[in-house]
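You will see two complexes here that share chain A, one where it goes with chain B and one where it goes with chain C.
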Partner chain A sequence: MEPNVFLENFKKQFIDGDKLEIAMKTEFRQIESYDSLTGMTIIVMIKDEYNVDITDNEYKSQKSINDLFNLIQSKLKT
Partner chain B sequence: MKAYINGISYYLPKSILDNVQLSNQFPEWSIDKISEKTGIYKRHISEDNEYSSDMGINVIEQFLIEYNVNKEEIDFLLFCTQSPDYLLPTTACLIQDKVGFKKTCGALDFNLGCSGYIYGLGLAKGLVETDQARNVLLVTSETYSKFIHKRDKSNRTIFGDAATATLITSEPKRNHYKFSIGNFAYGTDGSGYDKLIIKNSGVKHKCITSSDLLDEEGNFISNDDYIFMDGKEIFNFTAFEVPPLIERLLKVNGITLDDVSMHIFHQANEYMLNFIRKRCKIPEVRFFISLNDIGNTVSSTIPIALRRYLDNLKLEINHKILLAGFGVGLSLGGVIINLE
Partner chain C sequence: MIIQNNFNYKNFCELTSEEQLLVLQWRNHKTIRKWMINKEFITINKHKTFLMQLHNNNEKKYWLVMKGTDPVGVSSLTDIKNRSAEWGYYLAPEYHETSLAIEFYYFTLDYLFNFIKLEMICGFELVNNQNASSLNSLFGFTKEKTTKAVNGIQIDLIYRKLSKRKWIEKIKKDKKILKLLNFALSRSL
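After this line comes the complex of A and B, so read on.
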């Protein structure tokens, strides 16, 4: 699982994804175009691309893109 | 024997709820930003004393005039609603009498929401192709606005009221569409029954009334006397169940996605529609969206969108349209209709 690939997949879920300048350390809820619908598509993307289920509570406690990446990695190892 | 779609009419209540009104009621609600994403800017709302039967009668009378159909010809009425006038009797029976359909006409209600039009076409096709009826009128009529709590800004932003009428016949005469109804694919996941629900609406919780559930800041969350929708769960159901439905639908019709001229899905909201479109790998040019002035009208979204699509089209031979509905139940279904 490559951070750069994850970041690209993450950006694609935003309505303005092709213009977004974000990094793994970005706190994604602070991105202007982020809303609850974007959150839903991010969770679907994680299921599609990595076959990992993220619960609501797990998702809510992640702040940065890197936090989310680490959560997926930890779930892939178990 | 084949079944054909012979015209569609739709009715929208006069009252309009627009974004300015919603913004005045909910100043903290960034309605313009939300509308940009949902694609919904206006909704039609039924009057306080206007019920699904009234809207159904309105659209039927409009249909009979528009297509010059004699009401004596109708020998079956299918009425799709989740907001019937009464638990009993059947609203379709009231309509039969008020419109003046003959007494040998069959009539029934069926309770489905966003997938209802597809199931209605399936029932109508069955009645026609088994020679139980020659002219079936399928009517969808929904007044969700009466079930939405006035403080529920999310659902008030999305849903609108409407009614539609579609005639399904054994012969393609007199119509200007000449669409035969192809094969269907259906699906159900009743484990999600509580993801879109009015809990205190039937017999099970008949005598219970609820108070408002608020969050820590005093914002409305839910009240069991009104509609509750778990948007995330409905989104997930749609995201994971609609693509395989489309695959099954193409397979049972012996065609591929490239053979389909236009795809018309239940018009839930524009963001979700585009999301599903991409997951189903459908090109944007072959995907019809029309909801900005009416919102999500539940079982009426597909026939309204289909009528609007056909109104602006020069039809070609072998024009195939894929219709798909999904939502409350949780329920989904699809069908291919073919220009012959």
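After this line comes the complex of A and C, so read on.
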């Protein structure tokens, strides 16, 4: 699982994903176009692309894209 | 109480004292009140008066929405006339940013069109309410800028509208909506 690929997959969930300038350290709820529906499509993408289930509470406690990436990695290892 | 795919709609006129208090707490919660057109803090006395006035009122209906036995939000209709009405809704604060939103939205719209038999649903959202805007757009509501006088002040709003025909012929079977709905349902089993 590559961070740059994850970042691209993450950006695709945004309505303005092709114009977004974000990095792994970006706190994703601070992105202007982020909303709860985008949040849900991100969780679906994680299931589709990485076959990892993230609960609503786990998702809510993540701040940066890197936090989310690390959570997925930890779940892939178990 | 009406049951729609494990979602129950309990008329505000039938609420227990505990449920009356619960919806007041939700209504006054900062994360809900900030997206209300009327942001006024509601006192318990005002709330009780409001609930009393709902009895025998054919132009306004409010429901406590429950999933199974869990109260999850509120759905309302105002200005009910000729099979059209203005829709309002909110999720309980603990369900914000969860996949329940898509279930709530889908089954509540289906309830309003198929059980209440509305032909047209309209509504207003604050221009900066991005969460509501995304959901309303996903579910095919038309979008139009407008203003409305609230307590003597004109505020900018987005006016939304969705017909029963569009709901049945297009939105209810939209692939993206069904994918999100099925995903949400699979998590809530």
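Definition applied: the second predicted complex is superposed on the first by the 78 of 78 C-alpha atoms of A that agree within 3 Å, B and C clash if a C-alpha of one lies under 4 Å from a C-alpha of the other, contacts with A are read in each partner's own complex, and residues count from 1 in each chain.
Please note the rule applied: a residue touches a chain if its C-beta (ideal position, glycine included) is under 8 Å from a C-beta of that chain, and two chains touch if they have at least 3 such contacts.
Note that the coordinates shown come from a computational prediction; the quantities given were computed from them, not determined experimentally.
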item	value
Touching partner for A:Pro3 - first (chain B), second (chain C), both, neither	neither
Contacts of A:Lys60 with chain B and chain C, given as first, second, both or neither	second
Dominant contact partner of chain A by residue count, chain C or chain B	C
Which of chain B and chain C A:Gly17 touches, first, second, both or neither	neither
Residues on chain A lying within both footprints (that of chain B and that of chain C)	15, 35-37, 40-41, 43-44, 47, 56
Chain B contact footprint on chain A (complex, rising order)	15, 35-37, 40-41, 43-44, 47, 56
Residues of chain A that touch chain C when the two form their complex	15, 33-41, 43-44, 47, 53, 55-56, 59-60
For the chain B and chain A complex, residues of the former touching the latter	33, 37, 231-232, 235-236, 239-240, 271-272, 275
Contact set on chain C toward chain A in their complex	96-99, 101-102, 130-131, 133-135, 138, 179-180, 183-184, 187
